[in-house]
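In what comes next, subunit A is part of two complexes: it sits with subunit B in the first one and with subunit C in the second one.
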Partner chain A sequence: MRVAMLPGFIAAFIIVGVMTSVSSAWQQGTTVVFSNVAAQAGINFKHENGASPQKFMPETMGAGALIFDYDNDGWPDIFLVNGGSFVDSKVAAVARHRLYHNNRNATFTDVTAASGIGVSGFAMGACSADYDNDGFPDLYVTGVTSNKLYHNNGRGGFVDVTAKAGAGGAGVWSSSCAFGDIDNDGNVDLFVTNYVDFTVENNKYCTAGGGVRTYCHPNVYHPLPSILYHNNGDGTFSDITKEAGVYRTDGNGLGVVFGDYDNDGWTDIYVANDSVPNFLFHNKGKGIFEEVGFRAGVAVGAEGRPLAGMGTDMGDINGDGLLDIFVTNLDKETHSLFRNMGKGLFANVTFESGVGQATLPFVGFGAAFFDYDNDGDLDLAIADGDIIDNVKLFRDNTTYEQRNLLLQNDGSGRFHDVGPTSGPGFALKKVSRTLAVGDLDNDGDLDILIGNNGQTADLLRNDGGNRSNALLIRTVGVKSNRDGIGARLKLTVNGKVLLRHIKAGSSYQGQNDLRAHFGLGTAKMAERLEILWPSGTVDSVENVEANQILTISEGRGVTAKEPFRKN
Partner chain B sequence: MGRFRHLVIGFCILATILAPAVHAQTRQPNATLAAGLAELNRGNVFEAIRTFKEIVRVEPSSPAASFYLSGLYTGMGRYGTAYSYLKTAMKDNPAQGAYDHQLGLIRRNVGCRPEALSAFQQALKAGMGKDEASVWRQIGDLQVDLLDWDKALDAYQNVLRLQPNDASAHLAIGRFYLDRNDPQRAVSELRTALESAPPPDGVYSSLGRAYRALGDLESAVSILQKGVERNPADQDSLYMLGQVLLALGRGKDGKRTMDEYQSLRDRLSRTNSLFESAIERAQSGELDRSEGLLKEALRIAPRYAPALQALGAVQLNRGNTQGALEMLKQAQASNPLDSETYFDMGTAYLRSGRLSEAMDMTLRARTLDEEDPRYQTLLGEIYSKMNKTAESRAAFDLGRELQSRPGYRPADPYASEMRHRDDSATVKTICGYDADK
Partner chain C sequence: MKRFFPLLLLALGLFIPSIVRSQDELIGLRLIEVHTESDAAGIRAQIQSGASFEALAKAHSVHASASAGGYLGLLQLSDLKPELQRALNGLAPGRISAVTPLDGEFALFQRLSMDEVNWVVSNDAGIQAFDQRRYDAAAQSFQQAVQYAEKLTPVDYRLEESLHGLAESYRLQKKYNEAEPVYRRYIAAHWGGSSAPEVLDRCAALIAVTYFRDSSFDETLRKFQEAVNRSPMGEDLYQAISATFFKAQLIPEAEALMVRAAELFPASKDVHFHLAQLYLVSSKPMKALEVFEQLSRMKAPAGIDPAVDRLQQSVVYQKIGSIRAELADFEQAASAYKKALEFTPDSSEARLGLGDVYLREGKPDDALAEYGPVAAAAPQSIPAQFRVADANLRLGNYPEAATAAARALAIDPKHQRARYIRATALLRMDRKEEGDKELELYRNLEAENRAETDRGRNVVVLNRGAAGKFLEGKPEEAIDMFRKIIETYPDVSSQYLNLGMTQSKLGRHQAAVDTFQKMLSLGMDDGFLVYWNLSQEYRILGDMDASRRHEVVYLQNLDVALRDALDWNLE
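The block that comes next holds the complex of A and B.
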């Protein structure tokens, strides 16, 4: 014992030394720092989860969030999804979503009242795309009993067009949603994940650790088929789930992301399922799908067992031009990283990549591939938080509130947890659910928006990411859908090709800034930018200068440019 | 069936390992105890329980019999009962490593890991003799649960220091290296684990994974194929084999293997879902629908004991006594330690007028679970039919008394496996929590 003890002053010296070296690293600008600036930015939203003794399962599952530029002013705005209450009508009545307008000065204004977006009705998540190609992004909100489609009137207002559009869901519990053009007809289609057949009336009584009532495992309910809506191009949608080959009755769907994993020009769909195998719907062309998750190696964990899939994202982690897949799961399962090997096959590289070790103790929900340090490769941010609010009563090695993760990519697809040295934003411990990324202050680095269950939302400002150079690209489709959703962007920098794809909906119940972000490292110019649009049109721009926001219109090239707003 | 077989093997090993130590500590054995142990070693777990209980009935403070009962009830997942027998065993002589080891096992199973760890550490301190390795193995597993891999590794290495050929420790260390992205060392450990007879579960798939991580896909295929040949239901090896074959470009073989894997998985998940739906239907009174679903589940998995027991109960409640008995006999063969099966058989025999068989089965149910008032009530009915009025009245009275005890909750006849969860107060007691804290 005497050997193990350090004299107090030496221990204190070491601790102070460590603290000093970390904080001076922040101050000296060698590290990117994330700070929660939600309150000072005017984001005062607190999610209402309606937590009750009855332990209604949706209470612990929501807190959707998305970043979208609803007024097309070039400054990303924020939408936060609210829950409600199953037992208290007064609480339910005041649980409203929040729309925050970006004031272009690091603050936001709550414009919910003028937006026409009403009471929550116990909602879960949201996604956004310009479904009618009128130039303004519309909004889809998922919920426990109904989903809503809001049409953006271009004047700051949203009109509920759910009934007219025929896209209200199946009256069941929906979780995430995403838009993508499955048949490349220029209109974005919509995928909505449905979870389980919970209703207030069939709420189950579940216990753990000796009679303590807890939120239930999804397996006590029945899985529900998710829905694929085809956009008819006239403001209406048709449910084509069965015709398109994505009707499955065995998926507890939570997360979804579109992406063309086999580069055949048709967008595919990946669905994260909770405790049952995940789905990879391969688009065989023109929006006809085949489920290939098992064969591709992305349905289950490394040992062939289904994991508790929550959120998901696709991105090219190693610069080979192929989209890899990430899925968040429960603690002790590890989250999953599947590296795309080509030919429709993936290798589970969870442990080889370092993701396994970093994620093993955490219950993950939202996740995003993003280049937070502008070094050119995709890093990972992950929102964590247990599902069981009273988990401490019967499990001693975890907590409901957990810290979120920032995993830095070393460029080869190996990841290291750098959260603890990345500022106070990643030291927060909350019940995080949704995570969305975007350059909210247009300064050239990516900030993070986090929806927390039953708690205030966080806005993690990135300070220092833009010490390296970057580019932001806004795509405007002409023949393709207006937002260019599904477009593949290849940027050549110093001979290396970086791939990004435009996606509207990913993570868990949320969506990132639609603009493609490229970190350029020290390069002041990229040799070439090539955009492959869903229509098949290819645009390219040579010698692209760093540190600006480019708008590129399909077939017309660069139509606007704006420098970053660095202080 | 597999679970029960493990239980029996586990008990036999436990008895063999711990018997000399416990006997020395408790100044027993007597002939009855030896008979109970002999039953245990023959795999007659029910008879062993009956014998040990008889000893406890005659001598309530008997430490050895109580200790064995504690181990047996731990294996049956009845931790409250197991703890209560252990407390009896520990009363006169608490500072015994074997008791602390047993306490650690119970605590680990109810989920209080730090307290379990402390019990295992206490066992080491008290001395476990030649059984020290098994305590270190438990500590290693616990440290994995506690997400402290370095301490887990230390513990497994202690196992190997004491028992260099311990296959489960080599497997655990191999997996540790695999998860730390050190496939070379993983292969070495896993190969050692594979050399033991029989090799531990999961070693083939882990070694296949390690070879794959090394890039040696041919070796991966070879070892995974052996795993699947040895156990065609080894899902992990089958999945990994399919993946490796696809990665090798052997598309046809890979696709066929993945199809086999998927079919195996579908069968399992279909059985579970049919069983769950059947239980829901039975609970809501739709017995005909439930019977159909259970028969469908048993068509896929003919020896699935919970489905056999549930189908027996459903048929019994639909008035098909003969059909119920046939199902329940199969259920008993698959799992002879389910008191609910004996209770249902007792009811069926009573309805058939076969009173002595009804009595035998009901007493078996009561032997396994002395706290269930329904068993006493059924005994009362059987005694009454036998014109044994005094015994009948006593049984009814005891049934009423058990029913009036605080915390009593009526059992669900269709979901017997769920009945024996301990309440929070029991768990807190087991874990040594201050109830008022």
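The block that comes next holds the complex of A and C.
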């Protein structure tokens, strides 16, 4: 049953006797709840972090997770990245990643054994895109000493083509990855963040609290340059980091997201660096970049200091048609929210938006902009968990395990922590790292997959979000890359334009469901959907009915539609 | 060395200058001068009840001699004005005069006792000889002064001063065997406990093995704790040792010491403040908050100046406000700062702190309302100016932000945050060239500051790693690593100390001596620890002269280090 809402989005849920005004659509509290259904869904994965007395840094930095439809059946599947062990080879040998096939009935089946995806050293994160445009999404897995590119054979399996493709990384610690078409040639390219030059052999002895051994600060190691691979269109990639202008030796890259922040038709790249300034690589055209982070105002925190950038996402928080940027940091630093002012400039609105206050006590990793309550604006989900497993020995105001955050957007870019009233899923306290969002049950609202370090993964089912209307759009490129990655979608609802963009890789070591999700509130129809493809093609669809999943092919319009599955 | 110079009595109009003829005619005087007769009478009554004349002079006297405890010097009675001669006529040594009107004020005089006078004469003679580098004569005079000071009750700074003078006189004559026991006696006198020297030796021994946390560390810690538990120590010593431990990264040990101090001195605000600060800087804000809140409820010590008490209360509430803000409890934080302002309405720190809370609540206009008046009243205040700049930036008032940032930078061109704000503001004003220039300056500054922080961190990590090798039973690897750290960071003392300690633990005492001596030859003096180490190593090698020589320098430097430690606010 949908909640009756008056035009102008007057909130109908009165939790504490506060009626919001017509101008403000945000609710204090919400009836949308999230429940952890991982076990009943058959997601029984436990991340192996190989925690040891030697405190090898990677032990505390995993675990990746992604939502992708590997078999193209319209039902998103799940991939969870495993770690391993630097001290116990037996543990390392059996630390397998997990591929879960969506059974379409709120359960998943572990199909790893038949998938061809093996153990790949101590892995970190993953991202997915159809790099060869054959209709099936492929998979890239990052790791501490090696990365893997798996080609999807279209028959439920993957083949390791790393060597052949030439995209195996540099044998150094890679963290997040993302696909994006930097030169709009129809083939998605790949950006891989590299972190620091840690190796088992050069493991440092770091302490806190006057002598207690802990995981190290990244700056005791040397930063590593991230890598930009150009997709050559023939199954191979070329490292064009230097030619493209993104070669930097001063970044401890952890998170990455593609997005066209200046709406010039060329996708840009934002890199979250740990404890050193973040990078914003502006695409000047055809895949040649210039680093403009400082000038844009997104390199450091408001106090002019670099922060511990871990995860990142881009999204339009205030409906002005411009992509804003969010970065997770350590506790006491707050996570940063940069509002796009246009003209290549951003304002740090961390505290003005309410994000600062909400995130001050938390160490954040994965994060996603998503409309959890289908009211049309982008909210924020953040995965939290400290880095230091023995932090209680020398700090008294924090814990290793922390609750994740759900920040509700009031529509104007002001956020409020609604996690405590959003069900048991947000009451969990774990060592969360990756967070990916997607409509896993195709019921019209977005669920959340969380990868936890050294612990079981969580699958938070959204109950109640679909009381308001929504749309899911799957883009199929023809001239553009097959997934439509980089496409910008504008949905006009009651005169308001909602912006989404297709991104393959964001958050921290993870990736969301590629389909674009729009919340429509009470509107039963959107006046217009416009898709600006990377190729330059513009498609539009008028009078789009709510509560369905549309497949839109470039230049051809809607090629498939299916109503949401109601539970 | 402290000196107590006789005050310029000319300025007092108390006497007609004349040459002192002989010691027999000299009297020593102290003075308390206050505005009202009743005040003077009240003070006189306190002194007669046992209160210290000097302490009351420091607390209440409006005369220039107040800071010296009212001490006026040695003079002849016949040199004083007739009315004062009458007032002091018949005043026996050690006694206090009646309340005496004096140029519109009211005075009390105390005549020093003969022992006090004798102490002053001999101590001053020692100082004079010392200044003239006649150390043998100085030692004789100080020796005499010590004997007089020992007769004074209560034993006080006079004994300390003379002991210190004596120790230094011996040291500079290279009479280390004589100097050492005098230094130890001085330390005991100054730091409030006869066993203070032993406690401090054990403190040095513990600091020396900070990086080597094995069973011998545990044993050293146990001995230190035993020494502390059986030794009555003054508040100051607890605080000084705790601060020294903190600097040496002996955090739990520093905390344990101050917890004990708080138990022993439950009414001491100083001790509790130090404990709270310690918790705060060692990332325990909840415990710090608890102690600060306890402090806010503690009674003011008897006799404290009400203005000083208000200031202390204000500081405590500001600390509470700051911690609450860090814990995202902004309502309580604002309330605490407002409370601080009730105690000290003119406190710029409290007002800026309140503004900071508003800023974190996302209310830059309210923040600016607090920052603005402080900046206007104190144009040279960097904290106020860059905050005004920051708040304006967040409000989108870019010209104002740029101007305020420029004011801050005019005072401190290396202020990173102001530089960043100015660059950001200029770029948003479309003043691209200027903005880029500021940005470049900012980036250089940021990189420099970060490199400095990373350097400090790296030194600690590398030392830990090398010491770790030793603890794993790989001493040669440890030595190699320490040597490499020295090559990379030749100007930092910790790796020399740790290398020397490793060599000592391996029984290579001459090598250890060479390492410590090299450190000194490079001009690196970490305070006292290197001298303590050398003293130990030379003793083991059987060179008692060298051992004693370095022990004396260790004791000398230890006292200085402890006094410095007391001045840190652990920030």
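The working rule: the second predicted complex is superposed on the first by the 536 of 567 C-alpha atoms of A that agree within 3 Å, B and C clash if a C-alpha of one lies under 4 Å from a C-alpha of the other, contacts with A are read in each partner's own complex, and residues count from 1 in each chain.
Note that contacts are C-beta pairs under 8 Å (C-beta built on N, C-alpha and C of every residue); 3 or more make two chains touch, one makes a residue touch a chain.
All of these numbers come straight from a predicted model, not from anything done at the bench.
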Report task. Kindly say whether there is room for both subunit B and subunit C on subunit A in the superposition, answering fit or clash. Result -> clash
Query raised in the report: Does the superposition put A:Cys206 against subunit B (first), subunit C (second), both, or neither?
Result: second
Query raised in the report: First (subunit B), second (subunit C), both or neither: which does A:Gly154 touch?
Result: neither
Query raised in the report: Which partner does A:Phe294 contact after superposing on A: first (subunit B), second (subunit C), both, neither?
Result: both
Report task. Tell me which partner A:Glu352 touches in the superposition: subunit B (first), subunit C (second), both or neither. Result -> both
Query raised in the report: Touching A:Asn397 in the superposition: subunit B (first), subunit C (second), both, neither?
Result: both
Report task. Identify the partner contact of A:Gly171: answer first if only subunit B is touched, second if only subunit C is, both if each is, neither if none is. Result -> neither
Query raised in the report: Touching A:Gly285 in the superposition: subunit B (first), subunit C (second), both, neither?
Result: neither
Query raised in the report: Where on subunit A do the contacts from subunit B and from subunit C line up?
Result: 207, 209-211, 276-277, 294-295, 297, 300, 302-305, 332, 341, 345, 347-348, 351-352, 354, 356-357, 360-361, 394-397
**Report entry** Partner subunit A, residues of subunit B touching it in the complex
**Finding:** 110-114, 145-147, 178-181, 205, 209, 213, 235-236, 238-240, 242-243, 246-247, 254-255, 258, 261-262, 265, 269, 421-428
Report summary line: Touching subunit A in the complex, subunit C uses residues 210, 213, 249-254, 282-287, 326-328, 330, 359-362, 364, 390, 394, 396, 416-417, 419-421, 423-424, 427-428, 435-436, 439, 442-443, 446, 450, 453-454, 457-458, 460-462, 464-465, 467-468
Report task. Sort out for me which residues of subunit A touch subunit C in the complex. Result -> 204-207, 209-211, 216-217, 219-220, 276-277, 294-295, 297, 300, 302-306, 332, 341, 345, 347-348, 351-354, 356-357, 360-361, 394-397
Requested in this report: Sort out for me which residues of subunit A touch subunit B in the complex.
Outcome: 207, 209-212, 250, 276-277, 294-295, 297, 300, 302-305, 332, 341, 345, 347-348, 351-352, 354, 356-357, 360-361, 393-397
